[in-house]
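The same subunit A turns up in both complexes below, where it pairs with subunit B and then with subunit C.
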Partner chain A sequence: MFPGSFPVGVRKPCKWVNLKNTSITTMPVKAIKTISSARNGVGAFILQCKRLDFHYCNFGGSSRGMLSFLTKDLAAFAREHPQIEIRVSPRPAKHPVIKGHYINGHEKAICVRNLEPSEIMKKTNILKEANGEKLKRTKKPVTSLNESVRGIWSPYHGDLRGV
Partner chain B sequence: MKVNMARYEAASSASVDFLDRNREPPLHPTNNRTISSPQFALSLRKGSLTMFSRSVLRSFASDLRFAAPSSISAAPFPQRACLHQTAWLRTTQTQSHSAIPDTPLGAIPRVQDTQPSTPTSTPNTTTPQTDADFPNAKKPVAPSFDAPIEVTKSLMSTLPHLVGQSPHYVVAELHARPFLLTEGDHLRLPFLMPNVKPGDVLRFNRASAVGSRDFTLKGSPHVDERLFECRVRVTGTESEPLRIKEKTKRRQRHTKTAKSKHRYTIMRVMEVRVKTPEELLEEGAVVVEDTEDTPKVEARS
Partner chain C sequence: MKRLQLQRWSSTALSPRVRTNNRLHQQLYSTGLRLQSTVSPLQSESAISENVEDASFQNPDAMRHIRRAHKRKTQLQYPSPPVEAATQSAKLAALHARLYLPSRLPLQTLARTLVDASADSNVDFNNESLATLGHDLLANYTSEHLICTYPRLPLSVTFAAMYAYVGPKTLAAISKEWGIDNATVPGGEVDPGFLQFQRVAPGTAVEDISQLKSARPYADQKNWRMTVSSKIFYDDEFGDAIKGSVALGQGVTDETARATFVRAVLGAIYLHAGRPAAKRFFEQHILSRHLNISELFNFSQPARDLARLCARENFEAPVAKIVSETGRKSRSPVFVVGIFSGQDKLGEGSGSSLMEARERAALSALKGWYLYTPINPRVPSSMEEEGAAPWKPAHIDLGELLPTEDG
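Then we have the complex of A and B:
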């Protein structure tokens, strides 16, 4: 017999598994984790646009419409939408830009150079109503997180049907 | 004013009712809607037990689920929730929930026997306080029916089976296009719906089928809109990536590019539910004898 080895019939103690303590009764019952997913609008509805930045230039001609929009129309828009933070900041020697910031962290920017105030209002509304998601071409109109109401069809269940 | 049109009337056969924009719909089934289990068991015993054996279990399970406390607050962020309806918020938050009608709009008897009330003219400077302050063109149009809904006896007896099975689906039709909807679904309409704003609540009133796991109420061609409620909330608009189509003519070097970028209305289904026979009777439904072409709840074979 080699020194250090165990005699035949004696089990070598395992480092990792302590067989004494494991039994079926002490096995913990694990619950299946359900992750609740946010579905905006089912209960409460939160507008996805949280901030709008308006950038303009005091000198440039392409900002003319933007300047009149800022002075005339923006106050009313801001009053109607208190949930949207509105920032106005100059950006000299650049075209005017509106930037929307969304709850999901994304950002959308629209250049409004040489646009009339009414057109700028339309662009602002586009940013307001957008959800901040990346634009995608989808073919299916309905996306559902619920499992199928009627269940999955199985060939082994249900009655036999004559043709 | 923030509140816009009251009814979106589609040119085709589909129509959407604007209902109760200022009211949170009942998110959880209330007790008067759920069927008490002994009564339900009784009605099942009358029916064929072999067919409904699975549904019995399921309905009891759903009853238990309803019995559990389900008064979870709907608004996790009250400060940001519903801020889209600022004008409404300013007026109604002070009155707490007194502005919510005690009966849901669907539960009002639908036979319109009087003329719609003429709105009182209010100065534009004040925010509208009550329903009467809104101009008539912007109010939700109460559906006018010539007669109360007629429900056959067989439908009355089988409807509890459908109502008792909890998750429901509805095949709602919009512009003659079917959309299979369940509660919480995200719906992107294939068009931009005019005159709606994010936060508006619409009620789809045209459905070709309403069903649960084992039972389906099929319409011929449509289910009566007084039998179910399907509400959706407009959550905004979405657009597709820019499409560029190259247009070429023969023997010409010049290529024209046609660009298009469509916009779509996106919605979220808030509620899909079927009304109980008790509710129907409360609303003034008339029980009639069975005929050939009456809607029936079909059980899955």
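Then we have the complex of A and C:
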């Protein structure tokens, strides 16, 4: 045995305990109960926008673009995105609004007064692609639940190098 | 191996079945037929005579009013939404598309998976049977994956990993990630896209709702010691005591209802789209989730367990050696200790004391042993695929160190 090395898991003989008569029961490994965490898109991808509400006014001039969008473009949009539930309802004497409802329970609303149908389509796409979280700056290009493959650098390993 | 054609199966599961004509049912539902599909059923004499009466109305406005009243009446007649409502629900269609469910799984069945047994006690219209099938599939697929991928995993950790993948908490979280909302109160008039179940009354002790149905002798003695291996025989796939179903009218918890729904979806996919689709759905939604199995271990005596393991496997007795150290006399020393069996290094750990570093090294050595994975592990159910390579028996290890008397 090296100096500074010691055996693992061996009881030192003890004067006042007769080892032969004591029963040592190993505690089997216990387990910690957790739940697995979701990684959307690793297996299945679930679109986070689950509902879009379109509100319009039949009288107001600010809804003119919205009315044209609803009659001409919305059906095609709905056909392309069957996973989004779409509701259209009047909101008299108010500006037109699109509201997105998300799986995390949040909702986002965009006012589309006086906008052209093509601009409204852009706003609808913004709501469709959002995930319901508040917008935040992404600083790291990759975020992952997995451990780093290379590990963390340790000062205690490898040879010492002179400066 | 040729795949079973399940098309016929699914059509019988959906066929326009009427209620069994026993006397109780005739009494309860003598007003109309309740059907499992929207396919036109075989008309009974009473139904035909009703249609003849309806046809006598000529005024379209009056007809519309009557039809609406009639619809309302049929909706309220049963505890869960009628089958016709499934095709009308935007929520349900969106859910079908969001989960990329196979087109062979009809909306009517998806609506049925959302009706819990506590909302509608009729087994032909609630999700109980689908959930039973889905539960067995989930348990089978997950356990074979865990056992074949980690053949040396201790049983208690296997139970915990099963719980982490397909336990009720996880399944409830999955249903939330699918965007399922609860109906406030179940009923025939509710949109079939909502999950319908009767909640337990607030203040009810959840443990007392379902009675213990374990086959274990003296199962009610909570404080008695239970061996881990006895859990394989007596308990469920998570090593917990088997509970019976909830008594009628008691209601279920949100978690239970959601877990039942997810199981029922898998069962429905299996019935309608077949085994490969169910397996794919399982891999995409359950197995793709992140679980670090090495974090599930909880050792109490890692050094002693390692010594015993080496003795069992006829390795040389493990010896801890200092690999490197710094600041021994300072207030923040760091020791790096490796555990060696002969020339082989089993594990390494660092800590601010020699004992701490040694424990961590033993821990890493034990985890290295228990988390062994064969290269390209195959599961038995992969043989069900067409053109599968001949089966080679999977490596199954001796297992963990069991508690022994007389150390």
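Here is the rule we use: the second predicted complex is superposed on the first by the 125 of 163 C-alpha atoms of A that agree within 3 Å, B and C clash if a C-alpha of one lies under 4 Å from a C-alpha of the other, contacts with A are read in each partner's own complex, and residues count from 1 in each chain.
Definition applied: a contact is a pair of C-beta atoms (placed from the backbone, for glycine too) under 8 Å apart; a residue touches a chain by one contact, two chains touch by 3 or more.
This structure is a prediction, so every number in the text was calculated from the model and none was measured.
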- For A:R137, is the partner it touches subunit B (first), subunit C (second), both, or none of the two (neither)? first
- Task: Identify the partner contact of A:I126: answer first if only subunit B is touched, second if only subunit C is, both if each is, neither if none is.
- Result: first
- Item | Touching partner for A:V29 - first (subunit B), second (subunit C), both, neither | second
- Task: Count the residues of subunit A touched by subunit B and by subunit C, then name the partner with the higher count.
- Result: C
- Task: In the overlay, answer first, second, both or neither for which of subunit B and subunit C A:I86 touches.
- Result: second
- Message: Between subunit B and subunit C, whom does A:V42 touch in the aligned arrangement: first, second, both, or neither?
- Response: both
- So, A:I152: does it touch subunit B (first), subunit C (second), both, or neither? neither
- Contacts of subunit A common to subunit B and subunit C in the A-superposed view 39-40, 42-44, 46-47, 82-83, 145-146
- subunit B contact footprint on subunit A (complex, rising order): 39-48, 80-83, 126, 128-131, 133, 135-138, 141-146, 149-151, 158-159, 161
- Message: Which residues of subunit C touch subunit A once you look at their complex with the stated criterion?
- Response: 90-91, 93-94, 96-100, 154, 156-157, 159-161, 163-165, 167, 169-170, 173-174, 176-179, 193, 228, 283-285, 287-292, 295-301, 303-308, 317-326, 334, 336, 339, 350, 358, 362, 370, 400-407
- Query: In their complex, what parts of subunit A are in touch with subunit C?
  - Reply: 1-2, 4-10, 23-40, 42-44, 46-47, 50-51, 82-87, 103, 145-147, 154-157
- Can you list the residues on subunit B that touch subunit A in the complex? 2, 27, 74-78, 80-84, 86, 167-169, 179-190, 197-199, 211-213, 233, 235-241, 263, 266-270, 300-301
